[in-house]
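Each of the next two complexes has subunit A plus one other chain: subunit B in the first, subunit C in the second.
Right after this comes the complex of A and B.
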């Protein structure tokens, strides 16, 4: 048993409040990946990229659908950018095919692809004005001048850039530059917009604002967005689906809610939000539930969607908000363990309770600070009981 | 106390370059300018008037005149020499740019680990004396020289090349000698360009060649201007190259100046030629500074 916390210790507290499933998401009814009659707009087919001996992207097969806001999530160096750059045409895959809208574009140069990219460094042309930058792509097509002006104006209007039209990039703030870069990427109305850490250079507050702006633009233009990020919160906020990558391999592709509720591996469970993990072996299987003998001597009963066999090593992952915390031993709880409150993280509407159990492990539980709570408040050094129902945890085999 | 010392130190730092300019440029220039207002004389030194305390400053100044300048402007020989120098320097500058740009571009695009070596190779010729390198070109270009021999061996030509002692040889000499001065500023400005800019241009539909003209070239203009200036200015007054490689038809002001000074011993006239040369050269410098000013205002 142990506590796996999110990679970014500062974000972990805040993320567990926000990183829940997107129940009220604007696209909640939107799930083209479940519709077998739709064909994907982007299809990576067994894509591998080697730099000399180093495998940056390893046999990735992935379908992305029209109008999706798709996030590639993973730690630094896992190959996210490389995968995106192969779609833009800056890198050639060592193996595999890239198919866009049914057409094999693996061998097309970047300037012939129906995708536009927003760069992390923005890559704005320093010798051109905001207008010049946004209109650059349109000028390459030989579009008539008045049409270009119209389209540039439209893009500037969408991103509130009209008053900066005549400025050069270095006369803009970071947030304004970011908007110019986005405007330039959407000005040609490409079918797919690629965004490589588009908000990486912004501070936290501006970042959240920009995330909503990205979502708004994506929805109003109806374009497919593919975003690369290593910020799980950002991926959870903006994406319709997330592909989690690790060391060049796709580990899981699912909606933010699915990833949070049913992570495939301990790695993903820990990467997205806080999680408590108990290590153990399967001791019994029956009536839709399995029993797990934890290493610390506890016996847990839980549902399992993973097929397991008796004696197999498994991990039980429990989100802090799924664990109830109380002073008295619950009367009829399936899984209950005693402990002592060591630490309380008060976060306004909710509190984190870090509880030390008898075998000496720390478990995090989370409770809403509702004003009408009748129980007496839990404080430091209190003896408490933690309990959870059979369907609270996720059984992981890897 | 320390603030005062600091202020003084700062003053020295600021004053140093001005002091340098005063001693090694302004004072010599003033002497040359004064000389250009004098008259030639068969004496030592070979001009008049010479300043003497007994006659006083007033008399001395009254003897100075602009006769040499009116003479230079009245004689087509000098005017042609100036024009021809500017023309030769301008053509050489363009040729140098054409040769240097691909080299600088190649250097900037080479793997980072090669770049110091490539830079070294560009500077390497400076290890050998300038004069010796020009003499080497005589050995290459003369009718029975290496180039003729080589091309005849290959069967490309059957007659010896007549390049030596022509303006073509002067172009070759200038381009060769001043190439590093063009490459280095070009390389510096090309190397600074973020490669993501070219990717962005291609991503937006610009073919590589267009992307070069739309992005790379405009962003390298500061290097182009600096390099052209560094080649053009010394090339206008160049003496050694036209003297050794050029022919009798190669008219350059540096040679004229040398003739006036050493052959005709007309120091005042030679001085006037030099002063005018200096004024001619301030034109591109002013243009360059205007360009830099514009760049700074547009905040590049």
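Right after this comes the complex of A and C.
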């Protein structure tokens, strides 16, 4: 987990910065969900899906706006794929309505919906060439042949597939197949493209390339993309907003930066990135800060955006990179605890320090390796002090 | 000699194949016998083959057999494919177990019972027994084989390929003809071949369902054998064996070439992809 999550801060920064240039008005940033005059392109209204006794999707209400790159994130079995399949029309919701561009499409069959999907298995037609696959949807519309050829060529150009035009899917590598699947999904120029774990079959390096390709295609076509993924790093990289699902319920919908910095629950804090969590109760409230008596005896002072009352059980979530680590006790730190370095995860650009505190808690702190040296200032078994300011942590009530 | 080939293995293979194929080999050899007696060798001749060409009854029987085979194989392949699609794609529906049980029951049902019950049905309904009753009887018992063959293929093919077609705007009918059918085509063809072969050599059910003027080749051969084996029977059997062998070799050749080609193309693709 450590290696993957180590990138999270960078990933979230990258995507929040990227949100700027993709919009027409750079000052305001791309945030159609904040604009009350815009109506969403996709609206799930109280969607519930039951399979016998199992509730796959539980009362989900969600708005997705035009030109968004929207991610549905969650572990397998959380209902994210079922939600996407209901939008594509492969499953019918037990309750609720699906509205696309103002039209209720709940009862429309898949072949009448203005959405196209890219499947996890790619689902390419094995008996057709790359061209045939990409043009399939256009042929269903009865488009004239020369127009089809034009559109197919355009899609192949966009995904660098022209040299494979006459090949069959089984003559392509995994990465090429993935691009054909994407080309086929965008060839009809749908208003919404659905991506069901589109990069799950690729290895890590290819996956990162493909993520940027997805973003490029999404930006150049100006289409709304909705992606389902269990890879939080992927969601952080590509998405304008992320909806985190757990057991069929929508837990939080926010931008990647917001989800990372202000997770709503311990589940989200732990699912997206690394986090240290202290359990405790609120002991005092005052001057914009609250004091928490942690279970293992510490007293922490922190800001809280959540309304809390004295005596309430809360959790303080701290990201590793927000914790400072030093040999000496910091002179004026508000929150400081001593400990002993147990493990060091050296990742080149940064190091993870796993510190064991006196009560036995294990805390992870992160430090950039800024100095050009292989000598590490902090070593195994060193006694260290960990400290963080009042605004470093997030107070969670659930 | 290959060290994996012990004497024991070699001997058992020799005896095994001898047991299976010597009778057939003898039959083929004696079809070229000059003598009228089946068991006495009197030199090479092809006269029984020319006699065959003049035997109108045998030729008629062969023609009936082929027509029954063509019609029943085609109908049972269509029905079997539909049944397989229902079983694999429609999910759970009330009576699904009963439906699949009833489709596959003829696989294990004794032929005599199928034949007898069909005969009773035809009599009760007042059908004139003949070509069409034989054809119907063959459709009933070959359909389950066709269903099994197609079902096996449908089960291991990715359902999302059909979903993708519908997602791209193809109606269920178009999806079936443009995507599903081309993909399962090889299994549909083998289902047809299997049904045709089964129909070709069926004796028991045909005997029950037949009427005047509709004698199939196996029935003809059987009735002639009861009067004594003539070299003519050997000759027609040899022709049947020849047809089946050629068919088998052809099927094997086509399959092998297809695998080789796709294998070659795959290697080329990965070579190009680097």
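Methods note: the second predicted complex is superposed on the first by the 365 of 398 C-alpha atoms of A that agree within 3 Å, B and C clash if a C-alpha of one lies under 4 Å from a C-alpha of the other, contacts with A are read in each partner's own complex, and residues count from 1 in each chain.
The definition used in the following text is that a contact is a pair of C-beta atoms (placed from the backbone, for glycine too) under 8 Å apart; a residue touches a chain by one contact, two chains touch by 3 or more.
For clarity, every value in this text was computed on a predicted model and none was experimentally measured.
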Subunit A as common anchor, with subunit B and subunit C clashing or fitting: clash
First (subunit B), second (subunit C), both or neither touched by A:136: both
Which of subunit B and subunit C A:176 touches, first, second, both or neither: second
Touched partner set for A:385, first subunit B, second subunit C, both or neither: neither
Touched partner set for A:30, first subunit B, second subunit C, both or neither: neither
First, second, both or neither for A:168, with subunit B first and subunit C second: both
Subunit B versus subunit C as contact partner of A:117, first or second or both or neither: both
Footprint overlap on subunit A, where subunit B in one structure and subunit C in the other make contact: 88-90, 109-113, 115-117, 119, 121, 123-127, 136-137, 140-141, 168, 170-171, 184, 188
Residues of subunit A defined as touching subunit C within the complex: 88-90, 109-113, 115-117, 119-121, 123-127, 136-137, 140-141, 167-168, 170-173, 175-176, 184, 188
Parts of subunit B lying in touch with subunit A, wherever the complex brings them together: 194, 196-197, 199-207, 210, 214-215, 218-219, 298-300
Residues of subunit A that touch subunit B when the two form their complex: 88-90, 109-113, 115-117, 119, 121, 123-127, 136-137, 140-141, 168, 170-171, 184, 188
Residues of subunit C that touch subunit A when the two form their complex: 158, 160-161, 163-172, 174, 178-179, 182-183, 262, 265-266, 268-270, 273
